[in-house]
């Protein structure tokens, strides 16, 4: 592919993921210039989307820009990593107008800052004062439990595993009991009729 | 710039409004009836899908994705299934591919009928919604037979589809297509040729052709401007490379051009469905046998899939992390850019009466903007 | 006399509501469904009268429906219902077409007054649209009426009816005037393509947005009274009036169904498109009719 | 809240008047008649708060035609008797719903569609949706399903009509009686911001940023 | 002033529908046949249910509770519990029926349930052997 050689000159590797999907990984310093050269030199004029992934364990966000040419016959993902703490990215809204809304969403959902972005305000949430919700350390279930009570009628629910164990134990106990009873019965019988046994022996 | 907004009154078009497509609102600054500024507000439908999906395994997340866009769930299922298949390297059988293609095209027809109702309703032609929603219902009846669900089908499972075709299904579908062909002529007479619709729609909401490619406008917005692009042709998935169909285009870029493109696409959908009915293999595995009771382990990798929905290209970004759960799934539907970047621009200097019409013709679906 | 007036209002009320019910049914049939019961409008109006009102915009707001109802009732009383009987003759002979044309505008003005105090932007917008549309509607209708007055040499409706008995129906004698008047009558009935004031996709219910409960019921009642009055007016002017109740209902129903058909199959013009259209085509037709009357008798 | 003149028939003052003149039976019959008319004519404002919005068009158009039962769609909450909340409610929507509901005139009813307003539904662990709607506004009829078919919605209408006809205690009366309870719940979950906010100065933000 | 004659006249063809039969389903009176295989409400064959709680495990809505039934059930039931479904949670995805090892849990094609009290949506699946048999 032509793009691969072009990128090789920039010492970047183009990886083919699927039939129509390619990926370039780049570090944050070179991101802006690479996107500009994608737009101006390589002919990738469409910014399809900006995706953000929270890699909590490694402590960074993975940002993916998906670009397409005029022909729209393949997609190139330009991927970069930014620090999770005080995350900040260059804004692309001056180049691609649609980036404005994508970045606004990312700001709200991940808390990524975009210096120079004009409208970094609420996108979908209203009066939100908690952690940005799509960060993976935000526990949505805990938040729900603190805000909203569920219905209480389901209190009689049983833990099936426990019940299974209980029943198994009960069965075992019943079996043991039965065995014991049988034993004691036998023993009792033996005690009650020792004479018979003796007689038998005789 | 600020002087423009003097003497304007501010009204809210939505969220509870008969002229809005779903639950969103547009804040309008009006000078008389002329709009001086428009601002989209969403968030009334935000559920945090992407958060919910992170908490679920692949099998569990499968049932939730179709809710992302309510009027047309199937492209979502298809995208999700294909993303999982890409990540895990599953191959699906030819019959499953045909069935999925068929479901997608059926969904496209159903969505188009619903759109036609909305578009006609937005100009006060109450007759067409009554007819077209009923016609859409007949397609939902077929879905009911095939998938067991009326609106949410939950049918395209990663690795195939969940059920085989019922007996005699293809014949009944074929009958329905005959009926639809007749109906489209009726709609052509009563709606597309209607003098009022032509008068209202021609020259309104004109999209600038130069913006289209750069700003990632998709679907009919793009094809109404004379740009012949369609994911089904450019990056064919499923069986689309083996099927014969055209991409209808119009040159004007206004509401009427988009309506005509949609009408022609309905005819193309019928054409595709007829081919599928003819070519559908009799035998074939419906669902791949997945070891360990339908448990998927996604590798720590990412992928990006695109499907042509009835309103344009819909894309999913999906990444796994080596466990059963999905690390991240991001939805990029066609509405996001249309509702913000495009709508806010198009509405300026049009009239209040054009808002509902323009919005409908862009195919905006609020639940998909904010997930 | 008072008894007759009350009888007339009751007749108009019943016929108007049943017509409204039929309107819903016929529309529903064209939309291939059954539609509500014919008496649905009665149910609606009684239910609305029984609702509690908790909003208070002041007296002016609530006078609006009253003014509108007054306009409707006066219009109704001044139109001769039957051509041959003495029913209400002494009242109708007091009025002539000019008074009627004035009274027909009273309703929208009362509405404007009320909605203005309500302060709902959608209501105000609807009223402005309604008044703008009225300019367009009145022109062809007034020209047609003037043409009839010239032809009959009198502005008395009774005279116009009587004249049609000798010269033949005006619909045949002056078809151009009839077409012009009918097109604007579609607008007076608030039907598509001229239903812009209350377009739900744009301004909710337009002028009615803030009205609820009893006042909405009053609006609906006056609407059906007024609709009946307008139908009778058209019948009197162009179809030679009616000499019996059956004839009246037959003729008004024919006009009504025509209006419904036009309303169902077309969409809605924007307000300036509507005025533009009304100023051009129907006005042209009416003017041609007028010219024909003036030059050829 | 209610002024004498704009008040209504069949409220307490009227009842007193009837009772004073010894006409309790007449009042009862009148009330029954009015209840019947109320059940035959239900004006609906359909607020598509969630997925259920997709089943509203089939219910109200020619396939299922709810209008034949006297259930008629209107545009504004002022004229409506019934508000249909079709699906889950985000917090942002709940603010608008409360406002819409309070604009409706009594008697007013609420119908919810889908399992989400009942106990969270499939968004039970979502950070942005309401789990138990009847804590915040009184629900008269709940229809389950995901989504409920139009048949189920019509069943809901039939149930509501039966309730109105029998003169059973409706949600709006509960809302008036337990106003404090509902308001407290609303405040708890909406953080005091019960009215929607429309205060952001978009225009200055944009031009200021880009200049 | 050009007049679009076709555009004016062709919509009038719609009036012909007035004389056609309406397409409406008069629902409470006339019911539509819901096909077998529709994902409606749950049924559970207590004779074969083994109380394994697979359905509870797969349900991501946590809609399924295992409780002791009032009536007679399968003696081989390992836990003595049968599923009860909260219809304030269920989304009728039918994953629970897919994973059911003895296929005792199924979805019927009955699917309407309206209730005044939102507390009454805990649904005990009907004890039916097969779909179609004894729906009472």
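Read from first to last, the chains carry the letters A, B, C, D and E; within each, the first residue is number 1.
The criterion applied here is as follows: a contact is a pair of C-beta atoms (placed from the backbone, for glycine too) under 8 Å apart; a residue touches a chain by one contact, two chains touch by 3 or more.
Quantities reported herein were computed from a predicted structural model and do not represent experimental measurements.
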Lowest number of touching-chain links that must be crossed from chain C to chain D: 1
Any chain that touches chain E and chain C: B, D
Far-end chain from chain B, centres as C-alpha averages: C
Of B-C and B-D, whichever chain pair has more C-beta contact pairs: B-D
Taking each chain's C-alpha mean as its centre, the one farthest from chain A: C
Separation of mean Cα positions, chain E and chain A [Å, integer]: 31
Whole-Å gap separating chain A and chain D, where each centre is the average of the chain's CA atoms: 37
Distance between the centres, which are taken as Cα means, of chain E and chain D, whole angstrom: 26
Centroid distance [mean C-alpha coordinates] between chain E and chain B, Å: 26
Residues of chain C whose C-beta touches two or more other chains: 28, 30-34, 200, 204, 264-266
Touching two or more other chains - residue numbers and ranges from chain D: 61-63, 65, 68, 75, 92, 118-120, 122, 124-128, 132, 146, 149, 202
Contacts with 2+ other chains: residues of chain A: 122, 124-126, 133, 138, 140-141, 151
Pairwise chain contacts, counting only pairs that touch as defined: A-B, A-D, A-E, B-C, B-D, B-E, C-D, C-E, D-E
Interface residues, chain C side, partner chain E - complex: 26, 28-34, 261, 264-266, 280-281
Interfacial residue positions of chain D with respect to chain E in the complex: 62-65, 68, 112, 115, 117-122, 124, 132-134, 139-146, 148-152, 154-156, 158-159, 163
List of chain E residues in touch with chain B within their complex: 4, 6-8, 10-11, 13-14, 23, 34-35, 37-39, 58, 60, 91-95, 98-99, 107
Chain A-facing residues of chain B, complex: 42-43, 46, 48, 50-52, 54-55, 86, 213-216, 229, 231, 234-235, 302-304, 306, 313, 315, 317, 319, 327-328, 330, 332, 336-337, 340-341, 370
Residue ranges of chain B touching chain E (in the complex, touch as defined): 56-57, 59-61, 63-64, 127, 134, 144-145, 148-149, 152, 154, 162-163, 166, 186, 189-191, 193-196, 198-199, 293-294
